[in-house]
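Down below are the structures I want you to see.
One chain, subunit A, appears in both complexes that follow, with subunit B as partner in the first and subunit C in the second.
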Partner chain A sequence: MKELFLVVHSLCTGFYTTLKHIFRGPATELYPEYKRPLPARSRARIILTVDPDGRERCVACYLCSAACPVDCISMQAAENPEGRRYAAWFRINFGRCIYCGLCEEACPTAAIQLTPSFEHADRDILKMVAEKEDLQVDHCGKDPNYNFYHHAGVADAIRPKGGHVNESPPVNVRTNMP
Partner chain B sequence: MMPNLIIDNKKIRVAKGTRVIDAAESAGIYIPRFCYFAELGAVGACRVCAVKFIDGPVEGIRMSCMVEAEDGMVVATDDAEAVDFRRHVIEWMMMNHPHDCPVCDEGGHCLLQDLTVAGGHGIRRFAGKKRTYADQYLGPLISHEENRCIQCYRCSRFYQEYCGYTDLGVMGIAQRIYFGRYKDGVLENPFSGNLIDLCPTGVYTDKPSRYTGRRWDFERTTGVCTTCGLGCSIMVSARYRQVVRLEAAFSRAVNGAFICDRGRYGFSWVNSENRPRQGRVAAKAMAPQKAAAAAAGRLDSLAEQYGAGAIAVAGSGRSSLETLAAWMDLCRRRSWRGFFFDDLAAAPAAPAAVSGLSPENVVSMKAVESADMILAVGADPLGEAPMLALAMRQAWRAGAKVFAIDSRDLEWPFEFQQVVAEPHEIVDLLSGIEPENEIGGNAGKHAGKMAAIQDQIRHSRFPVILCGTAIVDQSTALAAAGLVKRLRKNKKDTRLFYTLPKANTFGGLLLDHRVQPPDELIHAMESGEIKALVAVESDLWQNCTDRDLLERALNGLEFLCAADCMATELVSRADIVIPVSSVYEAGGIYVNQEARAQWSAPAHAGGTPVRITGAGGHPPRVIGSAIPGGDMPGAWQAAWQIAGLAPPAGPGEMLEWMTKTYPVTAPVKTMAAQGVRIFPLQ
Partner chain C sequence: MGLWLTGYAILMIKIAVILTGVLLLAAYLVLLERKLLGRFQARIGPNRTGIFGLLQPVSDGIKLLTKEDVIPQGAHRRIFLFAPAVVAATALLTFAVVPMGPDLHLGGRKIPMVVTDMNVGLLYVFAMASLSVYGVVLGGWASDSKYAMLGSIRGAAQMISYELALGLSIVPVVMLAGSLSLVDIVDAQAGRPFILVQPLAFVIFFLSAMAESKRIPFDLPEAEAELGSGYHTEYSGMRFGMFFLGEYVQMQVLGALTAVFFLGGWRGPLLPAPLWLLVKIVLVVTAMIWIRATLPRFRYDQLMGLGWKFLIPAALINIVITGFVMVGI
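Let's look at the complex of A and B:
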C-alpha cells in the first residue's frame, strides 16, 4: 500500500515539474542577439589601464610575464622622458592566453586588468597578437584610485625625493645635529 | 687542531679560524646574511645571520659571522628565538625601504627581497614616515638609489679596504648614514662595477643595462672574459639575442669573486648595430656561406695566378683556440705564406712568456694574493691586467712588499718602491740579482735600490716575479724566467707571472711558437709578395703604430677578406666580409697567461638582436621559427667554408679534430670547471 503511494507520488511530482515548465519562458539567451551584461570581475580580454592622473600605469616590471603560465606576455622596459620606467613595447599573444588572471594578480601597479570583453576570436593567428597600442585604454579599469608613483619613493620629473606619500624630506648628511 | 662542532644536528669539522657562518655553509646549511662576504671579512653590521648557540664556549643568540668555530659548539640555525630575532631584523630594515621593487633593477636577484619574503614580512606595521636620501651621479656605469640602503657597509669596505680608493665611503651618523661620494662625480675606482654585484639590494645598479630585464628572463652562463690575458670568470646574461650585462663569476683559481670594469663593460661591440651581420661581396649583401664560397673562389684563382705563397692570414688572440687552430692548419695545408699573429705587435715579449713558464714556476692570480714579496718588471697591472693589481693589493694588505722596475709613471692602489729604469736596462738589473752573493755589478746607479730588492727576496718565503710583455723585449722576459730559475735552484719557492694582452695570446703561441709578427706581414704586403690577406678577427689596424705604411700595404693588396664579429677598420675595407659569431654565441676555449685553458660557454644562439629587428619597438609581426641573422658561422667553421669542406659537425667533433691535429691541446679534453693548464710539448 505504502509503495503504491510512493510510486503515484513521484509520478505526479515528475509530471507537475514538466507541466510547470511548459508555461515558462525559455532560459536560453539568444546570443549574439542578446548580450548579457557580465560582472566586472569576469575574465576575458586584457587591457593596460592608466592611473588617476591619466599616465600609463604599466612600469614594465616583468611580473605579469613571469606569472603567466603560458608565456603569452612579452615586453621591453625603458625609461621615458619623465624619468619613469615604462614599456617600450608590450605584447600579449591572445592565441595562447588562457585568461587565468594571474597577470592581474601579479601586477603591482594595477595596470594590467582582465575585462569582460571576450569576443575576439579570429581565423588569422596574427590578429590574436595584441601590441601595446591595442591593449591601452584611457581609464583606470577596476581600480579607480591607485597610483603607484605616489608611493614608489623614486624621484622622477613629477615627484622629487621625499615628495611621496608618508615620506620625510631627504636627510642632510652633512649636519652634525643629533 | 681542527674544531668539531654541531650545527643543526650535523657534526662538522672545519679548519681553525673558520667562522660559524662558513662552517655551516660547508655543510650545506645557508645562514642568511647581508653584510658578510668572505672576501671582505665580517663586521657584524646587519644582524641577520643571528643563530642560537645552545652549548659550548658561548651561549645564546650570536652573530654567526662574528664567532669562530670552536670545539664543542652546538648551534641551531632554526631555533625559534633565532628565527624570531632575524624576522625582526628584516622588519626593521624594511621600515625605511621604498616601495619601488617594480621599478628597481635589482628585483629578481635581490638578497633583501629574498630574505624579506623568507622572513615572512609583508605589511609595514610602523606608521611613521619613511627616511629618504638624495641620490648622486656616480658616472655612466652605475646608478645610485640610496633610499634602498640597509647599511651593510659592503660597498665602503670593498671600495676603501679591498681596492684602496677613497672617493666613495660612508658619511653621517645614526639615521643619516649615507653611502656615496662627497659630491657627484665619476667613481675613480676601476673595479667599481663590483659594487653592483656586492650590494645586497638595489642601491648600486648597472646603468648601461638599466631596465633591460629581470634575471629570471636572462639566458645566463659562465664565460671567460676576453678583455685581457687573465681569463677571469664572468657570468654572461643575454636576452632577446643580445648580451645584457657581464658580472663576476666565482673562480677559485683566477679572479675570486670580482672582475674589473674593463671586463664588465667592454662588450658593447657585440650588440652594436655596426657589427657585421651579413656577408658582403664587393658592396653586395649576401648570406655568410655564399660570401665564404666567393672568397674561396677568389683565393683559389689568386693561388693559381701568384702561387700559394702570395696568400696570408692575420689573426689575433681574441679568437678562440678552436679558431686559431682551424686557420693555422688551413694555412699549413694550403701552403699559404703563413699565420701572422697581431698580438706580437702589442706584446713583443709574448713568445718568451710562453717558453718561460713551466709547471714548476707558474702561479695562479689568486695565489699571487699569498705572495710576501712581488717584483714587477716592465709591467703595469692596472693598465694591462687590472685584476692583477687587485690581487697584488691583497698581498700588500697581508704584509707583502712590492717593488717595480719600470720607466713609466706608475700609479697603483698600494705602496710600492720603484726603480726607474728604461726597458733595455732591465735585463742587466735582473741578471744582477743573486740569491746568495752580493748584488751583481751591472746595477750601476740603481745599486742601492736593487740591493734592497735582493735583500727582500732573500728574506721572503714566497716571492713572485711579475713580468710585462708590452714595453720589454724577449730577452727581458727570459731574464725574468732566468731569475726565477736561479732562485728556485736555491730552494726558494719563487713564482713567475707574465701579463699578456689578449685572452688567447698564450693559446696562439702554444699552437705554433713560430707564428710571425705583423711587421713582417705589413712589409711583405707593401713589397707585393703578399697579394691576398684573410683577416680573421684581426686587430692589425688597432695594433699598428705606422698607419701610413699599413695604408700603403693594404692598398697594394689585390684581395682582402675579413672574417670578424667586430666592425674593425679591416672589415670596412674588405672586398669580402664573412660575419662570424662572437664568443658569447659560439663559445670557445681560451688559454690565459698562466697556461690555464678555460671553456667559455655560449650564452645564446646568436642572431640579430630584437632591438635591431624591431627598430626599438615591438618585434616584427611575422611567424616563423628561423632566427633572423642566425646563420653566422663560428670563426673556426669559416676556415672550412673557405676550404670548401664541411666543418666538424659540432663543438665536440671540433675538439676531437683539434686535439688530434694539435696534440699540445690534448689536456683540454679533461678540462674541469677550473680549467686545465697546458704547457708547450717539450
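Let's look at the complex of A and C:
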C-alpha cells in the first residue's frame, strides 16, 4: 500500500515538474537575432596587436608557434635596420586552431591575443588561413600600456643600458671590490 | 450500374479525404510533438522554416525524399523494402472503421461518415494492430544487423504481450455497447462517454495502446540509448520516413480509438462532429507527448511485469466486475 502511494506520488511530482516547465517559457536565446555579449576574456579569433606608440609588438620569437599544440602558427623572422625584430610573414591556420590560448600565454610581448569574436566559419577551409594582414590590428588589445621594449634589456638609442623599466643603472663591478 | 458507380465514387472520395487528413495530421503531429517537447524542456523547438516552424514538415519531407536510400549488403532485399510499407499501411488501414460523424443525408442518400461500418470493426482494429508487428519483425530481421534484430525481437514480444491487455481492456466496452462495430460503440455513448463508467478499462487501454505503438516509456524496440535505433537502425531516406510516418499515424489511431471507445467518439456540443474527433485525437496525443516528456524508458523485465502481472489481471477482474454489475442491473 505504501509502495503504491510512493508510485502515485512520484508520478504526480514528475508530471507536475514537466508541466511547470511549459509555463516557465523557453530559456533559449535566438542566436542570429540576439547575440549575447561574451566575456571580454573569452577566446576566439586571434589578433596581432601594436604598442602604445603604434609599432608592431610581435618580435617573431616563435614562442607562440612552439607553444601551439596543433601547430597552426607559422612565421618568418626578419630584422629592420634599427635592429628591431619583426615577422616577415605570419600565418595562422584557423582551420586547425583550437582556441586554447596557449600562444597568448607564451607571448613575451603581448602581441598575440585572443578576442571574443567567433563568427568566422567558412565552407572553404583554405579561406580559414589568415595572413599577417588579416591578423594585424591597430590597437593594443587587452594590455593598453605594455611596451616590450621598455622592459627588455636591449640597449637602443632611446633607452641606454639601465634605462628600462625596473632596471637598475649599471654598476661598475670594480667599485665593489674590497 | 449508375447506382454502383455513385457508391464507388462516394467511397473513393471518403478514402481520399481521410487519407489526406490523416497524413497531413501525421506531418503536423511531428511538429506538435517537437514544439511541445521543446517547451517541456524549456526550449523553443523548430521555428526557422516558416512562421512558428509551420513549414517544418515540408522541409523534413524533402530531406527524407532526397536522402540516399541505403540497403545493407547482407539484407534480405525484398523483405527489407517491404517492411516499412507494412507498418505504414496497417496504421492507415485502421482508419477505415473509425466513424467521423453522424450519417450525412445528401440528395436523399444516406452517407455514413465512415469508410466501412464493419460489424466486427473491433476485431479488424486488432487484426491491423497484430499485422503491424510484422513490419517491425520483418524490418529488423531483414536488416541483417544485430541491433535491428534485437529491437525487432523486443518489439514482437512487447507488442504480442500488450495486445492481450489491449483486447481484454476493451471487452467491458463491448459488453456495455453490445456490439463490435465502432459506429455502434460511439452510438452507445450518446448519454455519457464510457470513460466515466470504465475508468480502469481506460487506463489499461491507454497504457497498452501506448506500448502497442512503441512510444516512450515503452519504446524498448527502438531504445536509442541501447540499440542504436532498434528495428529501423539500418533504414534511411524515405523508407525510414515510412516507419516514422507509421508511428505517427499509429499515434492518431490510438487517439481515435481512445476517443471512440472511451471519450464518446465524434460526439460533443457545438462543434461539428469530425472536429470533435480531431480535438479528442489531439488531446490524447498531447497527453502522450506529456508522458514522453516526463517518464524514462522501462527496463525490459519491468515492461513484461507490468503487462502480464498487472494489466492483464486487472483487465480480467474488470470484465468480471462489469459482468456482475450488468447482470445485477
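Assume the second predicted complex is superposed on the first by the 160 of 178 C-alpha atoms of A that agree within 3 Å, B and C clash if a C-alpha of one lies under 4 Å from a C-alpha of the other, contacts with A are read in each partner's own complex, and residues count from 1 in each chain.
Simple rule for what comes next: contacts are C-beta pairs under 8 Å (C-beta built on N, C-alpha and C of every residue); 3 or more make two chains touch, one makes a residue touch a chain.
Not measured: the values here are computed from a predicted model.
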A:19 in the overlay: touching subunit B, subunit C, both, or neither? Say first, second, both or neither. second
With the two structures laid over each other on chain A, which partner does A:167 touch: subunit B (first), subunit C (second), both, or neither? first
Let me test your reading of the model: by the given contact rule, A:132 touches which partner, first (subunit B), second (subunit C), both or neither? first
Between subunit B (first) and subunit C (second), which, if any, makes contact with A:145: first, second, both or neither? neither
What's your read, subunit B or subunit C touching more residues of subunit A? B
So, in the complex, the side of subunit C touching subunit A is made of residues 36, 38-44, 47, 290, 293-295
Can you list the subunit B residues touching subunit A in their complex? 98-104, 107-108, 129-135, 145, 147, 171-176, 178, 210-214, 216-217, 240, 610-611, 614, 616-619, 621, 623
Where on subunit A is subunit C touching in the complex? 14-15, 17-19, 21-22, 24-28, 30
Could you list, by residue number, the parts of subunit A that touch subunit B in their complex? 59-63, 65-66, 76-79, 84-85, 88-91, 108-109, 125-126, 129, 131-132, 148, 151-155, 161-162, 164, 166-176, 178
